[in-house]
């Protein structure tokens, strides 16, 4: 049953396996991403000119950040459907704030939004853990509540508009060439990556894998999950800042973003239900999705058919991932690790 | 006349890796045929082939001489094969009858015939001498032992014909570790049941790690190792040592490591006075450094509750508890862990491991969760730890779920050792662990005690308990019924455990 | 805080608890809730100087139940089986269009068959993607939804087709205060109820939703069950589409999406006490959930509450209800 | 085995369907009457183009409206007056006005609703105003209308969510109360009056002609549309298409933005890079105009001639950035007219069968007259509300 290979050598994993581990289960998504990027290069030779490409990344930034936040929640075994609403709310609230305090400093407003996102996440977390409401429902309800509340408050449309100062983060560039959004995206991505390497990240995944085990190992599972929700909320708020900055006031800034984010995460090979998947892959999934949108734009697919194509590709990609994963599992399963009985 | 069941040269491999090669086996009507072997020897795979969960790459399955090939469990059932799985295949939120007939509900005029289901279930239950269960009871309201019974009834019900709902045509019954979840007196009930079934002419394939049962029950024993058929011998003509040798392929020396010498036993690391909660009460207990304390008792006597209470999983609600002199107010596992208490739980898969995480992440879970400040052991320290528990794996990145039961248990132990505990609690330390790994774990436990840990072992396997413990506390009805010195024999233990016959509420 | 996670596996429960569980059964609870909401609404509206139990109002409440009801009943089937269907909204749109157009050119009965056939096909597709490609239902049905959407956008540029007055009567006729469409809902719900409680398929759906592995070991054809559940769901959605077509008099591409039937139906199902993970719950509860939502809507109308504020209340109600079920569930360590 | 199981529900559904059909074995006559959006769609916008209606709107654009110039919402074009004596309100006592609203799911409707409420406030005689919001659900609006007809309204104002689907409900209501339909029409003339501006063709044509005029021949035009299947918008596009087809211009892309500004911005950016340059942007509504403008800025190219709508943020951008632009309007002041119409009807005064309102266009010359400072970005300039009490605060603006 077990290899008699002596433990020492067995315990020094080969470098390629380290990399594989770092990339996680998301192997297929990187393939998809590469294919899409190549396709983009073919359709539009100019695509890889620095500014064009940076513009693309800038456009992808909000979704990538959302995906990172969504990943944390999903990997811990939960759902966050409220992120789209948080983005909409964020943009509208920002405009409303500027309506009342036109002179407000962008940093203050931004921080206010992030705080708001954190609070929403906290509520999501508390309800889903302490009250044991399935997060799918909690966040679905939160979605209704947020949209309703914000528009009820602003009578449907925000009173102010977003000044350039605030919009710089989503629209402007640092040193005249590097979009702030890209920096924000890198920062968020790096943070998420570091987080998942940290003790917290590990306990988070373990919680998503087996709540009982984690709890008996001294993990405060509720707290861990709540933190995940809070971070997701903050990520959504940050995305709101970027979206608002990128395209200005809109009463439907975040429409459908929750589904896009979840799709991205799943594209990244992250298992809905928790315990499996890497945050890098999730963010790669987001990039793939954005690349797909752009490709469809550039290809000039009949505006109407776009969603059809999108639907097919998403299903195909995820299906591929699933198939790939299950085969992987079987191979490992029969390997001399021994079959669990 | 052909044997009831014959499997010839069955081979099965998963993407190149052979897990069964040319295994042959036959089973007569009315016989109990034991199937033994270490984990990974291929028992489970063989059974899954027979159950139609896997299709063999080659080989034949004959029942009463007619050849079958199964591609789905339902076909195996139709052919008269009933399986009792090691993990229950029961739906907690459905009734007993619904579970028993799941997948083969009798249908009358297009509707499921509930009356027939329930009558037949009730009938079978009484035949098995089980009176505590009604067909309409929800499974999640049943004790583990009774769920086991439901499993058996379920296995007995064949594919019902619309005419004669629930007419059982099960000829071959496979029992995979059936006694694992049972208390000893329940085991004897089960054995009576097995005899009653064989008297009806059923053939029973009996898989178990507990050789004692195997010898008590079986007419023949077949040993598998590394997916190969080693030998098939009449039980009467062999003994434990021979079988073990065949299983392990080597001599196992003395089964249990030597006990602690008096001078090795230090003062109390954990003291409990007058403690109790809803399930147990009046607990006075001292766990001393260097000593292995065994807890015996029937299922439901409170032995597991005691372990969980000490660990704060289901905390004491009264009494005092002091660890290394400092009083510990009962609370969460977190507090217990902080105080240096560790619990290796009974249910490894659900409570011991995050199965889809790597060995490394599992081993470091506790330290990461609780002692976040002090860096958890990494690199060599961790490697050393894993070597110490004699883990055999394909590297620290291997997922826990692909390890054998024994190695999984070793990872769990490593997880706790990483946290450097004072008190180590084991609940059924070697359940579902094969003979080889078993002795390895026993040795390890003794070493740990020798290093000055206070060890508590809860086990329903009396030989293990007796072999390992420096003293044995016996529980009954949620109280400590008495203490026995090292080397006490099973009769003493059972007398205390069953003191005043209360089996009903013990179940 | 983590006690839930730590509760020992199977604490033996006295049989009396089982009796009690009958009473705390969500399906019963939600109907009581519906009753409470109704009475409350009646009280509030009367204080507000309106009449709640006016015939007109009852008609409105009931007919508002039908569309969501049909979808939710279908959704119940998939959710019980441990799956999910997010493509319903687009299927409704397409359904109304197909219905209206075939009715315009061909026969009513032909149209009905067409729509049901279409629905069955979509359901089949969903089921096969979920079971065959092993794509998580959430993504799979989201994907099919997108595909349908593209199909609609590419082929229709607005309301199309025309439903004959004869068929419109399904949407408008009523017997006393009860719209005939309600009978359609009841019929479909009843059919599904019988199917769930009294057929093998039903038992297997509960089993598959409860524990797919266990079900499979017990010889249940779990994949087939999931596929059939999806087909059933889509058929109910088809029925909803037919009803809407009859009510709207034409095919409306966005009839389903504007009303957010995808999420609303899931909300109604869960409100009805069906567990999102599958294996527990039923049609009766779902109908109760739908009724609660409809009555709420009506009350809001009576008090002419700000439409945005409605969403807030709905969100709160949904969360609160499920939180309540969770408490009950925990009490019996279910 | 599963076949039989599939039959059970199938049979059930058929049973349900049958039940439905037995209750409806009346002769299949079609009271709703055939109509443009009722004929089978071939998926192209052709079905949304009617030469006759197109010509009519073109003509109306040059027609001098009757009524006070200062109050375009009371003006009417080529009215055919109809007698309303039958609806004259009996006895004294306040008027109860009811309004079934399709929803407030976009800023245009929100501004409109505010304006209508303000209008209601101005009339003492209206003692009760009941509004039901259908939240964009045809089904709900049908029952809303049914509900309102049971509430003893003196008159019922309807802003239909979609044309075809609300016809039956409106017909039902006509029998009980005087009905005023506005914004979108229904396929029945049972309403006492149908209030609406000149229409989509005119809107689309004005914008298109502007580009034809400003953009050099062979210029590349990008057409941004909200979403397919909305009749009003389809009309705008079909009219524009006619104009473009006649012209030398080359429409390189027709894209749907779902009214999502960031999507619009991305689309424009991609279009610029894909076609090298864009010489003109046509829009079927203003929601995403500013985003489009910004896309050009961010791409570092001059903003070409662009068409928008009378939405505040666009007008501001227009002024600040000195754009070459035009903003045809689908004026929100039309929300005032139904109230006025209702009161006239209850007075027994004559109203036009179809109350055609003028449809002004914001041009470079008129820009300053329409651009009101301190209004929120999503405000619509042509609300005709600037003289109303509570302006601008009630509309979210600042003095």
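Letters A, B, C and D name the chains as they come in the text, with residue numbers starting at 1 for each one.
Definition applied: a residue touches a chain if its C-beta (ideal position, glycine included) is under 8 Å from a C-beta of that chain, and two chains touch if they have at least 3 such contacts.
Quick caveat: nothing in here was measured; it's all calculated off a predicted structure.
*Asks:* What are the mutual neighbours of chain B and chain D in this structure?
*Replies:* A, C
*Asks:* If you tally contacting C-beta pairs for every chain pair, which pair wins?
*Replies:* Chain pair with the maximum contact count: C-D.
*Asks:* If you average the CA atoms of chain C and of chain D, how far apart do the two points sit, in angstrom?
*Replies:* Roughly 33 Å separates the two chain centres.
*Asks:* Between chain A and chain D, what distance separates the C-alpha centroids? Give it in angstrom.
*Replies:* 37
*Asks:* Taking each chain's centre as the mean position of its Cα atoms, how many Å separate chain A from chain C?
*Replies:* Centre separation, chain A to chain C: 30 Å.
*Asks:* Go ahead and note the Å separation of the Cα centroids belonging to chain B and chain C.
*Replies:* Using C-alpha averages as centres, the distance is 43 Å.
*Asks:* Any chance you could list the residues of chain C touching two or more other chains?
*Replies:* Correct list: 1-2, 6, 153-154, 194, 199-200, 221, 308, 310.
*Asks:* Tell me, which residues of chain A touch at least two other chains?
*Replies:* Chain A, residues with two or more chain partners: 156, 212, 214-216, 220, 303-304.
*Asks:* Send over the residues of chain B in touch with two or more other chains.
*Replies:* Counting only residues that touch two or more other chains, chain B contributes 110, 313, 332-333, 350.
*Asks:* Using the contact rule from the top, write out all pairs of chains that touch.
*Replies:* Inter-chain contacts occur between A-B, A-C, A-D, B-C, C-D.
*Asks:* Quick check on the complex: what are the chain A residues that touch chain D?
*Replies:* Those in contact with chain D are residues 44, 46-47, 52, 55, 59, 62, 95, 99, 154-161, 171, 243, 246-253, 255, 293-294, 297-298, 300, 303-304.
*Asks:* Quick one: in the complex, what on chain A touches chain B?
*Replies:* Those in contact with chain B are residues 1-5, 7-8, 10-13, 17-18, 21, 199, 202-203, 205-206, 209-210, 212-220, 275-276, 327, 330-341.
*Asks:* Which positions of chain C touch chain D when the two form their complex?
*Replies:* 54-57, 59-60, 63-64, 67, 101, 104-105, 108-109, 112, 116, 152-162, 164-173, 180-181, 183-184, 187-188, 190-192, 194-195, 199-201, 221, 224, 228, 231-232, 235-236, 238-239, 242-244, 246-250, 252-255, 258-259, 297, 301, 304, 307-308, 310
*Asks:* Which positions of chain C touch chain B when the two form their complex?
*Replies:* Of all residues in chain C, those touching chain B are 1-2, 6-10, 12-13, 15, 17-18, 21, 194, 198-200, 202-204, 206-207, 210-211, 213-221, 279-280, 333-334.
*Asks:* State the interface residues of chain B toward chain C in the complex, per the touch definition above.
*Replies:* Listed in rising order, the residues are 51, 53, 72-74, 76-77, 83, 85, 88-94, 98-99, 102-105, 107, 110-112, 137-138, 140-144, 147, 154, 300, 304-305, 308, 313-314, 332-333, 347, 350.
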